[in-house]
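One chain, chain A, appears in both complexes that follow, with chain B as partner in the first and chain C in the second.
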Partner chain A sequence: MKVDVAIIGAGPAGLTAAVEIARNGLSAAVIDEYYRPGGRLLGQYYEDPYAPADQRTWDGKKEADQLEEKARSLGVHIFMNVTVWAVSGKWRVDMAGGDLPAITSNVLLLATGSVEKALPVPGWTLPGVISVGAAQTFTNLHHVAVGKKVMMAGIDPLSLSVMIELKNAGVHVAGMALPPMSSVTGKNKTPLQTVERLQDVAGLAPNLLVRKLGKFALKRFPKLTASGLRFNLLKVNNVPIHLRKAIVKIEGEKNVEAVTLQSVSVDGKPAGKTESVEVDTVCLSNGLYPLIDLAQTAGCRLVDMPELGGTVPLHGPDMTTKVSGLFVAGNITGIEGAKVAMAQGRLAAASILQSLGKQAAITVDEAMTEVTNAREKAPLRFLPDIEEGRIKMNKIWEAESAHG
Partner chain B sequence: MDDMIICRCEGVYLSDILKAIEEGASSVPGIKKRVRAGMGYCQGRVCQPVIRDMLESKTGGEKMPPQQRAQTPVRPVLLDDMIRR
Partner chain C sequence: MSNTLRLNSSSNKLETIEFYFNDKKLNGYKGEPIAASLLANGIKTIRTCEITGENRGIFCGIGHCYECRAEVDGIPNVRTCLTPARQGAKVFSQASGIKGDMEDES
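Up next, the complex of A and B:
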């Protein structure tokens, strides 16, 4: 099969780009490893206070279904349960798991998204330990209870949301604790940094967090830092949030049986006392990082940019790369929410159409403004310095372009 | 200190990686060549960020420690699928 544009990743960025490309008269194919289109959209369900009145509830599954339907009605070829294991030439996409061994295209769009970052704790390889993203997918997509009694490690916007979703689904959450402090496996956030981050989030999206956490909890965040975190324990939806305790060990013979928590000082130093809490499931949350392996094999230069969540392909503000015919969109360019990914998908499509000499319904400039708007209105910001990261990337891009 | 697996695919322990760092490894490929971390099924998708953090906290240089290069095939693939190519 030959298409104008091959898109890898059927998440919000990839599907939106496919719709835009097909709508403007070019052929597109979307390929994804998962069995169902939508990517991370599939696990999302929340209220967005900044959305128009009739779109306040963000039902990711519904969004995914609508995008898929739109794409299919426009003739986009969607390959699910298919793994791309190589990209080469300009372009050949090698696939495994489906009927077709490969497709060829003039343009390649990488919308491969992000992966969860592991959080190693002694005992983290025991059955019963899962990542927060897995917990979200099990709960919201598959309606499967992840356990009878769950401890969560890592206190951040995502894990707090998932905790509430678990509670709503009737799962007993025994508590949330910090990741191991000053561990050999890397620096994790101290109690103070954790609270500051939560305050940052609360300031950005008051309505969302008020709905999620309740007014009472939110009001206490500023007080927590002011008082040097003297309130060690915060309860959200009746779940104890241990802001001064870190998980140090997960115990069990064949499965998770308990976790060991240790008190820590405000700046993350162990402060003696440990306790054991009986649980059968541990849910680890350590953020996301961009999945860039295909970009690297396609010859794209990579840039380390912690502000964007890790290592990202060098790309311009219009989603182009230095490799001709190669474009990127979505979380591969930095960790942000689904609406930003969708706007980036539309932008990538506009840039692709322009590069092929096609008139698009939306100009590249208009699409770039839409990305900025989506970023400003994002109900949740995953990385505090995302805007700084975007500016830095643009500067590197400009410098590289000046050199030719 | 409690030991634990860091590279789940190849069963490489934290102590193996710390030893490799002591022996002079200063990059993810350096660790990989010594102890096989990142050489398994997932090709370092799980352990590479962790190992990089470990290297950074141990060596603490200005630049982030070098990563391994993604190679084709980027996912496990049957020889049959490669031959069909």
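Up next, the complex of A and C:
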């Protein structure tokens, strides 16, 4: 099959870009290995306090269905349950899983999203230990409880929002604890650092978190707050948040039977005895990193940028790359929410249309402003220094452009 | 359906299918991934580790980790989190026939 634009990833960025491209008269194919379009949208269901009154509830599955319907009605080709294993030439996309011939295109848009970082802890291969993203997908998309009693390890914006979603669905969450305090997994995850990060979640559950701690207290006195939380247990949605306990071991013979927690000091040193909590499920959260393999395959330069969540393709603020005909959008450029990804998808489409000499319904500048607006209104920030990361990336981009 | 881990939802309108896991007949909803049907039936162990023999099950749920792979209708290493079952599908823990301790855990 030959199309104008091949898009890899049927998430919020890829689908939005496909709609915009097809709406402006070009042909597009979207490819994804999941069994239905939507990507991370499919698992999302939460209240967004910053949205207009009639749009407070964010039903990601509904958004995904609407995007898919719009794309299909505009003639976008959607290939699901197929894995892209190679991109080459300009461009040829090879796929496995559907006996499909390769797709060729003039433009390639990578909207491959992100992957969860592993959180190794003794016992983590036992059935019943799942990632926080799996918990979200099984709860909100498949409507299957991940277990009868769940302990979550890793206290961050994503795990807190998923905990609230689990509770809303009627799943019993026994508590949340810190990740293991090893030099690898516990880096930047001490009680003090965790408390400092909680202000980024205040937007998600303002009534729950700010009422308990106060945004002011979180910002100005994190150390005091972390110390105080040793005895004064924080609860969110009636779930104990163990800010001074870290997970050290998951126990069980054939399945998860219990989890061992240990008290830690404000700076993450073991302090005090361990305790065992009986649970049948452990949900691990360690954040996300951009899925960049295909960008590397396509010959795009990569830049290590922890502020954006890891190594990302070198890209401009308009979603272009230094490889001609190669564009990026969504979490491959840095870890942010679905609304930012959708705005980036629209921006990538505007840039693609411009590069092909097509008039777009939205200009590149307008689309760039929309991305900034979406970022400002994001209900939760996954990374604390995302703006700084974006600025740094733009500077590298400009320096590279100046040198030709 | 006797799927004990189903959460309240509008899924009641979905069509029920029958499939087999290690020769045991189970129910699932048409269109949902095999891993979701198995979990709804209380089955957490999908395969055993080829090297250690330890139990393995769902981890990432979106096709990245390959921990939930199984033999589906004769095809080995199918990621059950990405693959909906068809009516009458035959799912086995391992292509090599290793059954391990695959009885229900819940």
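Keep this in mind: the second predicted complex is superposed on the first by the 367 of 404 C-alpha atoms of A that agree within 3 Å, B and C clash if a C-alpha of one lies under 4 Å from a C-alpha of the other, contacts with A are read in each partner's own complex, and residues count from 1 in each chain.
The definition used in the following text is that a contact is a pair of C-beta atoms (placed from the backbone, for glycine too) under 8 Å apart; a residue touches a chain by one contact, two chains touch by 3 or more.
Predicted, not measured: the structure shown is a model, and the values here were computed from it.
Legend: residue contacts after superposition of the two complexes on their common chain; A:A96 is shown touching chain B, with no touch to chain C. Contacts of A:N81 after superposition: chain C is touched, whereas chain B is not reached. In the superposed model, A:T297 makes contact with chain B only, not with chain C. In the superposition on chain A, A:A169 contacts chain C only, with no contact to chain B. When the shared chain is aligned, chain B and chain C each come close enough to touch A:V115.
In the superposed pair of complexes, A:Y34 makes contact with chain C only, with no contact to chain B. Once the two complexes are laid over each other on the shared chain, residue contacts for A:T139 go to chain C alone; chain B is not touched. After overlaying the two complexes on the shared chain, residue contacts for A:T125 are found with chain B and with chain C alike. For the contact definition in use here, the residues of chain A common to its chain B contact set and its chain C contact set are 33, 115, 125. Residues of chain A that touch chain C in their complex: 33-35, 81, 115-116, 125-131, 133-135, 137-139, 142-148, 169-171, 254-255, 280.
Here chain C touches chain A in the complex through residues 3, 5-9, 11, 32-33, 36, 39-40, 44-46, 49, 54-65, 67, 81-84, 101, 105-106, going by the rule given at the top. Partner chain B is touched in their complex by these residues of chain A: 33, 83-86, 88, 94, 96, 101-102, 115, 117-118, 120-125, 184-187, 249, 289, 291-294, 296-297, 304, 310-311. By the touch criterion given at the top, residues 1-6, 8, 14, 18, 43, 45-47, 49-50, 53-54, 56-57, 63-64, 67, 69-75, 77-78, 81, 84-85 of chain B touch chain A in their complex.
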